[in-house]
Amino acid sequence: MKNDKNIIEVKNLVKHFGGVYAVNDLSLKIPRGEVVSIIGPNGSGKSTLVNLLSGMVEINSGVVILNDAEKLKKIKSYEIQDLSITRTFQEVRLFEQMTVIDNLLVVLTNRSVFGSFFEVHKKYHLEEVERMLQRVGLEAKKNQLAKNLSYGQRKLLEIARALLMKTEIYLFDEPFAGLFHAMIKTVSGIIKDLRKEGKTVILIEHNMDLIRELSDYVFVMDEGSLLAEGEPDSVLKKKSVIEAYLGK
Amino acid sequence: MTKKIVAGVLMLAVVFVAGCSVFGTSDDAVSKPKIAVILPFTGDAGSYGEMTKQGIEIAAKEFGYAGEVIYEDSKCDPKDSVNAMTKLVSVDKVQAVIGDLCSSATRASYPIAEQYKVVLVSPASTNPDISKDGGYMFRTIPSDSLQGAFGAKLVYDKGYRNLAVLYSNEDYGIGFNTVLKENFEKLGGKVVASEGVERTATDARTQITKIKAANPDAVYFIHNGPSVAAGILRQMSELGLKAFIVGSEGLRGEAILKGAGVSAEGMYVTSVASGTSAFLEQFKTIYTNVEVGPFAAQGYDAFKAIALTIKDGAKTGEEIKEALYKVEFDGGTGHVKFDANGDVPGTYDVFVVKNGKFELVK
Amino acid sequence: MNYTVYYIVHLLTMFSIYAILGVSLNLVVGYTGLVSVTQAAFYGIGAYATALIAKTAGFGFFSSMLIGVIVAGLIGLLIGLVLSKFRDDYYVIVTVGFNIIAYGIFMNWHSLTRGPLGIVAVPRPKIDFLGLHLDFNNNLLFLALVLVFLALIYFLARFIAKSSFGRVLKAIREDEKAIQVFGYNAFYFKLAIFVISAGMAAVAGSFFASYLRFTSPNTFVLMESVLILSMIILGGLANLKGSLLGAFILVLLPELMRFVGFPNEIAAEMRQIVYGVILVLLMIYKPSGIMGEYKL
Amino acid sequence: MNIVPQLILNSIIAGSIIAFLAVSFNLIYGATRFFNMAHGTIAIFGGYIAFFFFKTLGWNMYLSAILGILAAGLLGYIFDRIIYLPLRKRKASGMIMLVASIGVFTALQSLIQIFFTSEFQTLSDISVHDRLYTIFGATITQTQIYILIMAFIVAICLIIFLKYTIFGKAVKAISDDEEVAKIVGINTNKIIGLSFFIGSGIAAIGGIAVGFDTGLNPTMGMKLLLHGISAAIIGGVGSVYGAFIGAFVLTFVANFSIFWISGEWQEAVAFVLLIIFLIFRPRGIIKR
């Protein structure tokens, strides 16, 4: 079901830390409006790829192409919002000593120093945050400090924060890790809604059932390069993929 | 809610304070003019403050002020001197103040005295610029412009032509250095190097190295912190500086002998006269086993000058000021008469450090 | 006025000046998480601006204060630019370096600051405006003026802390890398608050120089910055009322020590010891300070 | 008379004193990962203890020095046990420990002021001229030569000690990652306590050297430490060898700066150098 328009294309991407090649000459195309999963054993470069796409680490070489047009050699993390990209983190990174509502309001703020000075949060900002809290079931915890939430609640808050960015592309780095069943249903519901809205979701996940249920396309990475790609069912049956997971 | 309270309290404080300041409190009638003293009693120059106070106490007893003089400790720090002066003029409402010892402290507190028309008589600040500070400023110690000339002549007469100067980087040091340079060059000598060192810094090794490089035959060392100066004297001998060393009166403290030991041996010190023989006898009768300090006689004269004007009927600061320009008497340092700048002529003694003691050179 | 009123007014004035310094530094340390130990440099710039400019013809206290704020802001900008390259320990050490460099300039640039001689006869403010003639030589009136400016700065700081800008600062404090992902270039936000804080500190400097009628380099030493930092940590980080409380304790402590009756020649040292011990105990038992909302 | 030789000697003398601070600071920073602001005052404390035994009680000079070093080492160890260990247990951040060390610095400095007044005290015997040696027209005293030799010996011993002993390897492991070191079975608290003891002791040698050189004053602790930290950073934080070199780089630049600007600016020059170094070479000369 691949349509022709690619929202992101990565060409010969390389990222090394000292001698270690986390991402090794990786090239892949991510179609618009689909849920794409990236799977692979730990240390295969999945998180590094997401960090590269979100400007958290510098690209050593290779290029990232957006909407088959913009060619990017360098991505700065505070610029990815203009590229309509946002993300969550493998280890949750919330603003711990701030309230839940502040954790969400802060991403709706005007991006310029002077703008944010005189900005008064209009009613609809607060309503929007309220709606988002209901959607992830955290409205009761509104004035709690982020650090006092449970692990699952913190994951949900992070996803809520990403959704409020209303971008085209969402990078979810193991959003389901450590969630209870109820919360897994909420998050997969959110991902399905995003897909309905024509948004592109890049998902890093280990739970094969969720991958089959949610993703339109799957990339398998191993030791920093692309091992296989394709529809979830066909890819997951491939010998090489299973071996990569179970270890040679 | 608490934000409202804080805002309220702040506003209230402002209103209350502004309100009662408009009324203020009336000045109580001036009975007997009050005299106060601002000197360093703690800190580096604390020993000098004590010695000056002894001279003042003698005069206070003589004029029946014993026990009424208000003493404030300035630690030779301009900030403390200013605080003390502000308190004396606005609370104790004194008419005359004796002080301060260090030139920076005197010059910082003088503007406040002048504004409240209070006379300031310094027994020890020798910075030449103080003469031009204002009408209410008097001194019973000659300005460094005189000591600079005296010191320059002393070095020149001893046959030295290349003089280097190491001075402490504050009023006293800078003032003395400029005057010394002028006079020595007027006499035909050459000032080959002049290096400043921060008043509290003990490591003057770089400055001494520069001085040594100019190979002077005489070095004038101007400092008013004896224990710090002692460390620097040690460094001079450590760096093998071979030259005739002359110290300013700031170096005539016990701490120099205790701190520098053999490095101070043979050093000359110019110092303002420590008092006429009559004064020294009077001093000995009261403070039997105490050696008269460098500014005791000047402290005595400062108090006596003010007391004499009050005896002649001067009541307010202004009256005391006018009378001081006319007063003339034989004091602890000899004949005292203030010139138009409020300065007095001065005679100097010369001491040499011989086996650990200051000896008067005739 | 009798001595007690005079002394209370003196204490309140010093409280207000240190409260302004505390509030200004809290914006940087408490709200943005940048531990700066160079506030005394901006305090000094304000003091010297007033000391140098206030008595020249055509300028009064208020215009000198304005110039002080602008100059402190510009220098804050330069220092902020250099500081943007550093984090945590290194950030602290570089701010310490700037404080020492600033002290070196106050002490050794004789032609400008008259070095250790300091500047004497700094005038008190005067207001001759629409028939209102106020001469601030009277310490009570001067205190009223300082309190007004303290209130202004307090509410400006509160406005900043409550604004979206303040919320982004807190996010930077919590996780600078994360907030960048959401499109906020922390560099500009950190620079902006550093400049604002420098300007506020200059206001305190102007009042200090004018109150004392004198200014010299040895007030703006490194230990003064350490004192202001410890004060706001004691009061409570990221809580402006905490900074007022910290300033109050700092000014009141020496007076309380008088009643404890240490012999006066070691009173100053005993105060420092009590201060140091409080700081240590705070860091162990309540690192966010008395009213704090942020733990370093 | 060319002053370059004397400037070189001045720099070496000053450098050797700062080296004690820089080297010991690096050892403690390596193990604890926070800037201990009380380190300089602990060094001065060691100097004063030596002064107390040597000058006030008149004991033998070498014995007094050793007692000074042990006293400072013990003090450093005690501070770690009662302050920094509880803080580590509470997972306190490096900044919290830094501010706590500022508290220790303030209290300790005032304590010294009470017992020894703020007058300058010297350890050197002022009743006799120190033997002078002149090389190329520059003079250096016997005591200064002893300090110099001592600095080299201590640095070399520390480098060997850290490289080849279990303690050294443990400190290295802790500085990389304290958690991992714990898992591997290193009793981190004991090692950190020991590095405080050794670090404070070495710093005290610097304190005693200052006592012989320019004299002791309670408030010079912080100034000495800041030079030590600058030297450690310029040399390369965490590497003892780097700190040693950094000390001399710092003093050479500060001393030779007097060709362009007057001596009073030395303090500011040292920090301008540090900041420039931090901007262009944050890892310092010796890359770790």
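Letters A, B, C and D mark the chains in the order given here, with residues in each chain numbered from 1 onward.
Operating definition for what follows: a contact is a pair of C-beta atoms (placed from the backbone, for glycine too) under 8 Å apart; a residue touches a chain by one contact, two chains touch by 3 or more.
As the structure is a prediction and not an experimental result, all values here were calculated from the model.
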Required steps from chain B to chain D (each step between touching chains, minimum): 1
Between C-D and A-C, the pair with more C-beta contacts: C-D
Chain whose Cα centroid lies nearest the overall Cα centroid: C
Chain centre separation in whole Å, for chain C relative to chain A (CA means): 43
Distance from chain D to chain C - Cα centre to Cα centre, in angstrom: 31
Centre-of-Cα separation between chain B and chain A, whole angstrom: 75
Geometric centre distance via CA averages, chain D-chain A, whole Å: 49
Residues of chain C touching at least two other chains: 107, 295
Residues of chain D whose C-beta touches two or more other chains: 262, 264
Junction residues of chain B, two or more chains touched: 169, 198
Touch-based graph of the chains, sorted into line, ring, star, complete or other: other
For the chain C and chain B complex, residues of the former touching the latter: 1-3, 6, 9, 12, 107, 115-118, 120-121, 137-141, 143-144, 147-148, 150-151, 154-155, 158, 212-214, 216, 218-219, 241, 244, 265
Residues of chain C defined as touching chain A within the complex: 160, 163-165, 167-168, 170-171, 173-175, 177-186, 188-189, 192, 238, 293-295
Residue numbers on chain B that touch chain C, as the complex places them: 2-3, 6-7, 10-11, 13-14, 17-18, 20-21, 24-25, 42, 77-79, 82-83, 86-87, 90-91, 104, 107-112, 115, 169-171, 174, 198-199
Complex interface listing, chain D residues touching chain B: 1-3, 6-7, 10, 13-14, 118-120, 122, 124, 126-130, 132, 134, 139, 141, 144, 214-215, 217, 255, 258, 262-264, 266
Contact set on chain C toward chain D in their complex: 35, 82, 85-86, 88-90, 92-94, 96-98, 100-101, 103-105, 107-108, 222-223, 226, 229-230, 233, 266, 268-270, 272-273, 275-280, 282-284, 287, 295-296
